[in-house]
């Protein structure tokens, strides 16, 4: 984790970075339920899950999003501001013992009404140990331009 | 927390529900950092924050999203499936000691290619103790139709 | 979780409610030990447990009580006050991987020295995935009477 | 924490032991809510509490019980078995920042249908930093007799 | 846990005490990563570990040290002050499911420039369920002398 | 967090790196006590601490060590193996609200009996918001030599 300025001009379309992986444990399920207050049986009741089509506990969508984004948190860019996320989709369930990592691609750059900034879109794919995408989203950034300097 | 079937036909446009509130504590900041691995100084270093425009630690966006959505988890609807979220925006920062609640409004209903289902959009506003919206998003549901039965 | 007034007159003898279930995980054992400071080997030392008649780690009684009661926390009744618990008994051990739920029955109603209130006893049974009662207790409530209004 | 055999004959009526103290923190409130799933606003919503007679967040009864009993967990007696608790009463609220300790007195000894054992009652008082009792209960033990040996 | 004065003169060379055991769980791995911010794949990525010589996740060295020392925390000696540790060595890896305990031997006593105190060295061995030493260190204490009194 | 090979020849004496900072919270105290089982009143009982020379709760030494080392965990070097730590000293107490960071300096390089490796010593200083060193230690590494290749 370190601080490094990356300006609007430095972001290159199609540039991609890949994070390390992390195994999603039963502990993560329990911590996330306790952190958010969502104790739905889909996540917490192994017996009930056996009676459902998915057969086993499935991770909270908010957890896979939070951990998948957390995996990308290695470089602090003081020139960029997170505006939010678009098009978050839960593509596949994640189960206890799955290992996920994130792949981030710069997919869009645009102007902003404030001329000293530009918009950058990072497309995030969270991928399991079988290579299947489990969650996608677009991270919207507002980034300072280097300008003429 | 209980299970109750709500079908596509039961969702009424503009229906709104309001959750109870929850105070966001320093503990939540530490738990979320530890849960996601995001120890950025914006969330974790009170001294550094004093030197920044925002002056104090600010909550992880993923935490406010996860807890704000968690607050809505009171009624399990076996007819509905969460597809994801759109238009999540971090409108205002949340600080240690702020109290948030969520307000959920049915804002859209639509057809789906699978005729036995329809789409429902819940607009979620997460609101602090001053009545300010801090995060918004649209929750996309796929819901079984009651049909003719 | 929501707020709803239920007065003394509204409690009906023999009324029963059943909670959703929750699987007790190794994580819960570790969290409870860390929360309470009780690291007795019965709960924490799998090797030592193998040498004992019960063969495997057994849950803290205080944990099964706390989680079993927590499962009942879905409806906030501003007319009722918890006075305490009677006759808590550890009927059977709970092991890692067991799934518990709670069943609550109104078993007694009585007068109180303050005439605007009455006493209500909820008998709580915490039950595992085999249908075996693992813990019982009586929850003692003091509840406002509706009165003549 | 250590193992030491104490037989029925060794328990002396009116013997008393006093534990060390522990400050109940906001962290404990958040951990207990997350551990049990009880996010009632009495414990979690500082703003709502300001509008109530008690003005500030109050600890879960199950937490004060669990931590107060946890404080007593220093000596493992392989001759004693916990049967449960009687007469647990929530005498006074505990707030964030209060410091509690426990005092345990042997108040009853009796015969049991199994002649090789006897019953012992430990009266537990959990006491705050002002010397006020906040929770009481009776711990019921079944203890091996030394017998003639 | 209790308070008992032990003076420099009371420490006897070669005296040894042995703690109870504790099973190191996957939960401990996740908690330690979240507590310290060290999410290295050696501890957190089961899939990556399969490709490495050690084949499975290995515990953080700082965790085995912290838990192994924590196991010794049963008796508070107000006459002793911890100066630090020497010669900490990670002798063998600890994996999920291993059970460790600590053995502490008084190996050195010496004078200190402050004549009312002496130095005491406790050699700590942390040992797994197979009897293998996994971590060693020397704990350096400064202890009040009883003096002539 | 990323993987990058750094060989023995690449380590330069006196090279220094400085980590980001982290505020040590009351939550960290509670988490560390629960993680290690060390609930000594020095860390956990605010009332008792008021009666002691240090007046307020002091952090566990093992926590400052674990978090201070955790702060250094940003770059994974597959060529280096941690052998342990020497000369760990608790120089100053850390209190709730202090902010620490770590500074790591290469202070020694040496040969090893295995000629394809060398020894490297990283001197670690953990420093608070006033610039005071609170803990020091020497981290001992065994590092692959690049060799002739």
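Each chain carries a letter (A, B, C, D, E and F) given by its place in the written order, and its residues are counted from 1.
Following the convention adopted for this analysis, contacts are C-beta pairs under 8 Å (C-beta built on N, C-alpha and C of every residue); 3 or more make two chains touch, one makes a residue touch a chain.
For each chain, UniProt lists the protein as follows: A, B, C, D, E, F = Dehydratase.
Quick caveat, the model's predicted, so the values are computed rather than measured.
Any chain bridging chain D (Dehydratase) and chain E (Dehydratase), meaning touching each of them, is among A, B, C, F; the list is complete. Counted by residue number, the contact pairs of D-E are over half the same as those of A-F, the matching pair from A-F, B-D or A-C.
Mean C-alpha position of chain A (Dehydratase) lies 38 Å from that of chain E (Dehydratase).
Chain centres here are Cα means. That of chain A (Dehydratase) falls 43 Å from that of chain D (Dehydratase). Listed for chain F (Dehydratase) are residues 1, 20, 22, 26-28, 31, 34-35, 37, 39, 41, each touching two or more other chains.
Contact topology of the protein chains: fully connected, every pair of chains touching.
Listed in rising order, the residues of chain D (Dehydratase) touching chain B (Dehydratase) in the complex are 26-27, 29-31, 34, 39, 41, 44-48, 57. In the complex of the two chains, the chain A (Dehydratase) residues touching chain E (Dehydratase) come out as 20-23, 25-28, 31, 97, 99, 129.
Partner chain B (Dehydratase) is touched in their complex by these residues of chain A (Dehydratase): 1, 22, 28, 31-32, 35-41, 60-63, 65-67, 69-71, 73, 76, 82-90, 137. Taken together, the chain A (Dehydratase) residues at the contact with chain F (Dehydratase) in this complex read 1-3, 19-20, 74, 76. By the touch criterion given at the top, residues 31, 33-35, 37, 39 of chain C (Dehydratase) touch chain F (Dehydratase) in their complex.
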